[in-house]
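Heads up, the next two complexes both have chain A, just with different partners, chain B and then chain C.
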Partner chain A sequence: MRGATAPDAAQASIRATIDQALTSTDSAEQTKLIRSLSVTGGPYAAQILALWREGNIFLYKAPDGKKIPVTLVETKDAQGLQAAIKVIDGTPLTGPDGKPISLKFSLLESAETDASLRKAIKDVNDMAALADPDVKLRIRAVQSVANEQNPAKLPALEARLTLEQDPLVKRTIHESIALITLKTGEMKQRIAACVELGNLGSIPSQDALKATVTSATKEGQADLAKAADTALSQIASHVTFVNTIGTMFRGLSLGSILLVVAIGLAITFGLMGVINMAHGELLVVGAYTTYVVQCIFGPGLAISPFGFSFSIPGFHATGAAYDAYFILALPFSFIMAALVGVALERCVIRFLYSRPLESLLATWGVSLLLQQLFRLTFGSNNVQVDSPSWLSGNWTVNDILFGWNRVFVIVFAVLIIVLTWLVLNKTPLGLLIRAVMQKRDMAACMGVRTERVNMLTFGFGSGLAGLAGAFLSQVGNVGPSLGQSYIVDSFMTVVVGGVGNIIGTVISALGIGIVDQSLQQILGNPVLGKILVLGAIILFLQWKPQGLFVTKSRSLES
Partner chain B sequence: MTQPLHKRESLWFAAVAFLLVILLPLADAFGIIDHFTLNTWGKYLCYAILAISVDLLWGYTGLLSLGQALFFSLGGYMFGMYLLLMIGKMGQYKSDLPDFMVFLGHTQLPSFWKPFYYFPFAALMVVLLPGLLSSVFGYLAFRSRIKGVYFSILTQALTYGAALMFFRNDMTMGGNNGFTDFRFVLGYDVRSPGTKRGLFIATAVLLLGVYALCRWLTKTKFGLIQRAVRDSENRVLFSGYAAANYKLFVFVLSGVIAALGGALYVPQVGIINPSEMTTEKSLEAVVWVAVGGRGTLVGPVIGAISVNALKSYATRAFPDLWPLLMGTMFILIVLFMPKGIVGLPTQLHHYWNHWRHHRKPSPEEEEATAELTTKPTSAE
Partner chain C sequence: MKLRSLVKTSLFAAAGLLATTSLHAADTVKVGVLHSLSGTMAISETSLRDILLFTFDEINAKGGVLGKMIEPVVVDGASNWPLFAEKAKQLLEQDKTAVTFGCWTSVSRKSVLPVFEEKKGLLFYPVQYEGEELSPNIFYTAEAVGQQATPAIDYLLAQGVKKFYLLGTDYVYPQTTNLVLLEYLLSKGVPLENIGGGFKKDETGKIIAAGKYTPFSHTDYQQIIAEIKQFSAGGNAAVVSTLNGDTNVPFFKEYAAAGLTAESCPVVSFSISEDEFRGLPAKQLVGQLGCWTYFQSIKSPANEKFLANFQAWLAKSTVPGIVKEGRVTCSPMVLSYDGVYLWKAAVEKAGSFDVDKVTAALESGISFDGPGGTVTTQKNHHVTKNVFIGETKADGQFKILKTFDNVYGEPFLKGTFKAK
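Presenting the complex of A and B:
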């Protein structure tokens, strides 16, 4: 059974103690022995004691009259006998001849427990949970001890504190100890506990502190009430700090979303001057590409556009292999959206370069067309795109929650900006793009094929939109009208940043994100915040009609 | 625009006026056309008013506003508030309050609702609120010389913000569902054929009035400057005209026109909600103008009626394909029919001449081809 693994010295001594307790006939001594394990025992002792409490440890009467505590293996042989294992060292029970002895379950006497013993065992178990190797479970155990408000458990917590390495668990233990003493300690200790909780900025202890203030005021314990009050205000300022940082972080991640969505537009609209109302649909192309790649990794995909139904078989991958779909989906999203973008440029936009208002209208037609195509192909409901497991979960520092997907958003935005910067500044294509956008005629005179550069630039911008779509599939729903919800925001971002300027777009996206989240925090209402942001943008453009960064020019019409 | 045409145009105008104001309502009264058709046409005429307002901005002044649907539905909302209060105790909850307020747990009419019991006040607000909003927004936008696509994007943002606001329940403007279940207008039952006929006639009169007003305005010196702003704003500025003031006036005027159209639209359709004030609705109105032919006043009317007639047919006959059709139609019209239906005869005539004489393309055509292949203006 469980004892079959080679026990090291600590485990051997635990087994010896338990064995001693099992064979003892004095209940008080038994309890004392068990309690001695509460600090040192840990999960190992808890396992064995659990068997005892459940009546699964038996006392085998040896031929010499000694009682040997044993456990039984689970498998029964033909006669219904089970092999026995000694508790003391985990070796099989052997007879005088050295052969293993099998016993009949029904004929055995199980080791008994009384109330005080059971309580001792439970305490050992509770304390064992404090030593659980999983940090999260350890924290939960500490918190449950704090909830019990039992001063008898303080020594165990203190003992654990000396052993504990993890700073988060240490903090929780400090918090729990203070909470328990706050309730049960003497006046001096209680005041000290208040100070401790205040210094820790312990958010969960606010209720307990408030209760302390009320009761202390009622009983005229001015010092205690004052200490608790100070602690509460300390905690309140900690909460403000946490909220501020949290808001900044959420603002940063919202800004990153805006940035990722708008960066493609900063190229097609900002550099090329094309108003592409179908930009949102290019996002959706990227998002659906991610969906298709996911389906190919998973169960496959059956779609029926225009009544033709066909299905793509899937690889039925699971676990890490399935999670890897997202890595592959990124380049595919880029390529698909870039292809759609190039087709759009060749078929529609290239005729309308000199008529920007009309390119707005024509691309709106394209957007209607694409939306309906999505609807007919994938249905009008949202499709399910799973996040890879490494994007879920979060990271808590000093009570501030950093969700992995939000962190990912920021990292992804940084990557995209770096990619864009590299392409524009370090590749031959980037050189051509910049040349053509700065002085088209001169570039053409130098032999640059400007038509081709237009096409590639538009394709690149569209591809970035596709990447953004792949990314949006991880933070929200994917449906045919996904793009519509981002189109106003992304145009705003580019206009505020200053058309023709990537850095401007970066700053305006982050600025809008942070302002939006702060307003939400202050007003407590997302929609109102959004409306105020729109109003603020309109007023901002009064002050700087060309956006944050103005591209200097002597041209009259630009 | 030349004088000799003027007489012919007046005749046409009189004929259409006779048809809309007298003939169609009579036909309806005597059962020659059914009430549903007349009602549908009343709706189309409201759309035509909206289209004229878009064209006055876009076709004549070169300002593509994506906020016309906002003014249209603001007018509708203002009138809708009056209509909603006229329901009285006949609502679902048998309360003096409009149904949605009872549903949201209000016990009292918000104070800004109270004056809407009076028709003249509501009618005044139909003009005043959109007028005020468009003056403030227009003043801000034109003062800082926001033009071209930036103007479009800003009006889009304005519309989006307003729609978000109206979607909220605590605006006490009906939230998501808006206003519906109207009963009475000026004491007449909104649902009776007679009232509907009256509304149709009112819409027709309004349309004709708006048409006449715009016709007159675009013929005056004001109209000339308007078109000059469209074609080259800088030259207008250098000639000493305050282009911003002209633009502001046109923007406010077209906002008010759209609002009036919206006010008559609501009692005929029987519902107004925030989905009417989205950018897509504005863009749809732009489509009507583009299809009909911008820069003319007949164009928007023809466009609004024909596209909507096609839409109501197509959404019933093949609902799935209608958006595809509309998208494609729109792309093709923008690319190949810049002058819309109204300009089609001239366009065809050109092609016909070209084909028959096998001669060199006319200078106009050359210009058109040049326009098609022009490269983007430099990013400077």
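Presenting the complex of A and C:
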């Protein structure tokens, strides 16, 4: 009951007005009654109106033919009935005998809303939300009040401005006041409003300013037209700035996705020289592992591979505990994909180290097998992986938007690179890996168990693919053919960076990402950018067939 | 051992099936079902096969059509468009089906169209499409643009939306629909600069494409969302989306991450129905709009009976590989169902299975009280039906906001709206 603090008399009058509107059959009168609440109603009215808007207020037909608006309590009794509460005074609905009446939800007629009524309700909600404790809701409310450009709302905004502490909300209120004055103030005020909007670089006011330019030119108000025009060009340069930084950030995040996806391949293909066409399916293993972990945290899961059926019970966690599933899913994805990778290496790839073409065909076959296995186990439909709430928000600075999921992937990519670097350069295993990759025979002579090192290296590369899969579940679909859409990108990134060179992969991934996003921004076409990038890569590889960084490794000399 | 016994059983089953069909050949009528049961479209089209088989069983239980039992001939188009034409030829030449129900994508329909015209067959097509086509051998129970896209625009305009961003998957349905919508918006007085997504013009300056298009299974919507965010900053904006299938997931994930909501910038999608929600995170789509000629949430005795019968049929069904859990119904399914009953009524009116006579009966105007309300066939091979605007709920169902009664199906809309 947030904010339900209005005095009882005021509450009663609000309830009476809403009740009157609910029982009225005239749409215009309904709208008028609700609009009358927009200044006085506050959160209390907003709360009841929200129920109406969502269809949770019902019109109960009393025996005498009168319609009584009621709400239902949440708890159902044994027959599935819910006790009814009258809207007019908040007391239980009673029959002629004075006993409370319970009603069946599915048999009730809910009070309808039409477009103008919904707008009126939204209006009340916005005005109430001006004082909402949540900053985001407050900003949204201020903006939608401003978009209406209704001078009657100015006092409410000005009152809020004196109370407001948050700088971002303050800026939005200034912007909104200027927007309203721009439409309705006197000439001097309107020009001042233009100047203010220009200085604020207010993106939302562009439409209003354009309209001002048109109308002012028509009516010969040269000063106003000029002021609005100046404001527009100021805002345009702000937009260019926002777009440039935004594009760089988006490029970085796309590059990080490419990097995360390709880093596993940079090890299995780059270092070991195995053309692993099943790399995409290792991503999918990670993604499905995330799905399974999520289901275990949530409602549980029933899967039926090959006609057997398993059912895994769930913990039914909610809120932050449920959101934590993703943290746990990361190591599990790594382990599962690494296990699948090790099995793949033991069963198929170890026989084919000296025959790259056969390994290409064999792993392609494995990828088809795995895809069908996913289909049989999880069905051919995509499965739903929820984003934890801490990954689905954003951080806005100066109109530049940094989505949490994008920030996360960049951090994630950095961590994976550091982890890979540490494993390869600072651990005994890394030393063995490097030794075997440089000269297998010599390493074997020195007593290194090359077979085992191969297996572990391949497992590590596969595990990294699994981690990437866990991340991909947060930005897109999880389905049996997820891997197919990333396999080409992965090979492209590794080849451009220079086979066998991790740093090359990092630079090529980020480069491809930023170029792709910039071209999208410049050309305004999501596909053309990618085509140009691919074309450029073809030309680049003609010039430098070994990629950005050439690795001097004996294993690649042959 | 196991494998061998499995092979044996299935051989017996197949033989048994053949025996029964030949036994009853005299008092059955063959009806074709031409949908993709494998490949990318299988997810959507398998549901249509299921509903068709259910409808046939329902009709057969009540004595069939003109005293003959319906004998379905199910073939798999395998999401392969040339194969659709081959399968259509097989249905018409070899099986001599009296009528065929099938196709989902426009390209599959375009691929079978010449076959049906040449062999004088009859096809019922059930999925929303772009119009600009009228074959004498096809009956379109599908939503034409005027039965889905333009009512949705009317609804948004009434809600006070002033700016529209057009976004779609890059193929014939979104491209054509958006061109019609562009004309429609201009005719409603929406200025060109308030229509987002970009335009492509030919050398004479005429607009040949409107809106932003992404390929099938596109995953990176960052740039487009940033554009929408700025487009909608001034308020009163909406996105009109013809994005297909699974690209909706990355789109809506990015949309939510950018802080856009159904309140600040609603998305009306023409390709998301209840069935698609089985593979989409419904929670992130709460409050977004859909527009179809049927929603599962319609409260009517006809719909309740239909739902109960379908679920009962599913529970008993022995169709191999059929999904029984969590099944829902959606507009393409109901339009398939309506199509079968319209055909039945036409056959009974004509007193014959002959394609020409049945077509004539259909053209004369036949009504059927379906789950979505009464549907009536028109002379132009389309169907008059009710149109509903719905708002997505967290359980993947729609709450109906507005109903347009008896909307006429008109395939040729391009060029009919004049800009103000």
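In the analysis below, the second predicted complex is superposed on the first by the 385 of 558 C-alpha atoms of A that agree within 3 Å, B and C clash if a C-alpha of one lies under 4 Å from a C-alpha of the other, contacts with A are read in each partner's own complex, and residues count from 1 in each chain.
To be clear about the criterion, a residue touches a chain if its C-beta (ideal position, glycine included) is under 8 Å from a C-beta of that chain, and two chains touch if they have at least 3 such contacts.
None of the values given here were measured: they were computed from a predicted structure.
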Practice task
Figure out whether A:R250 sits in contact with chain B (first) or chain C (second), or with both, or with neither.
Solution key: second
Exercise for the section: Give one of first, second, both or neither to describe whether A:S354 is in contact with chain B, with chain C, with both, or with none. Expected result: first
Exercise for the section: Considering only the touch criterion stated at the top, classify A:P204 as touching first (chain B), second (chain C), both, or neither. Expected result: second
Problem - Partner chain in contact with A:N382 - chain B first, chain C second, else both or neither - result: second
Exercise for the section: Have a look at where A:L22 lands relative to chain B and chain C in the superposition and call it first, second, both or neither. Expected result: neither
Practice task
Have a look at where A:R118 lands relative to chain B and chain C in the superposition and call it first, second, both or neither.
Solution key: second
Practice task
In the overlay, answer first, second, both or neither for which of chain B and chain C A:V527 touches.
Solution key: both
Exercise for the section: Identify the partner contact of A:R406: answer first if only chain B is touched, second if only chain C is, both if each is, neither if none is. Expected result: second
Handout entry: First, second, both or neither for A:L344, with chain B first and chain C second
Key = neither
Handout entry: Common ground on chain A, meaning residues reached by chain C in one complex and by chain B in the other
Key = 527
Problem - chain A contact footprint on chain B (complex, rising order) - result: 58, 62, 64, 137, 140-141, 143-146, 148-150, 152-154, 156-158, 160-161, 164-165, 167-168, 234, 279, 283, 286-287, 290, 320-321, 323-324, 326-331, 334-335, 338, 371-380
Handout entry: chain C to chain A touching residues, read off their complex
Key = 42-43, 155, 158-160, 163, 170, 193, 198, 212-215, 217-220, 222-224, 226, 229-230, 233-236, 246, 249-250, 253-254, 256-259, 263-264, 278-283, 323, 399
Problem - chain A to chain C touching residues, read off their complex - result: 55, 115, 118-119, 122, 136, 140, 143-144, 146-147, 203-208, 210, 239, 243, 246-247, 250, 253-254, 379-387, 391-394, 396, 401, 403-406, 474-477, 479, 485, 517, 520-521, 524-527
Practice task
Using the touch definition up top, name the residues of chain A that touch chain B in the complex.
Solution key: 271-275, 348, 351-358, 360-362, 364-373, 375-376, 437-441, 444, 450, 454, 488, 491-492, 495, 500, 527-528, 530-531, 534-535, 537-539, 541-542, 545, 551, 553-558
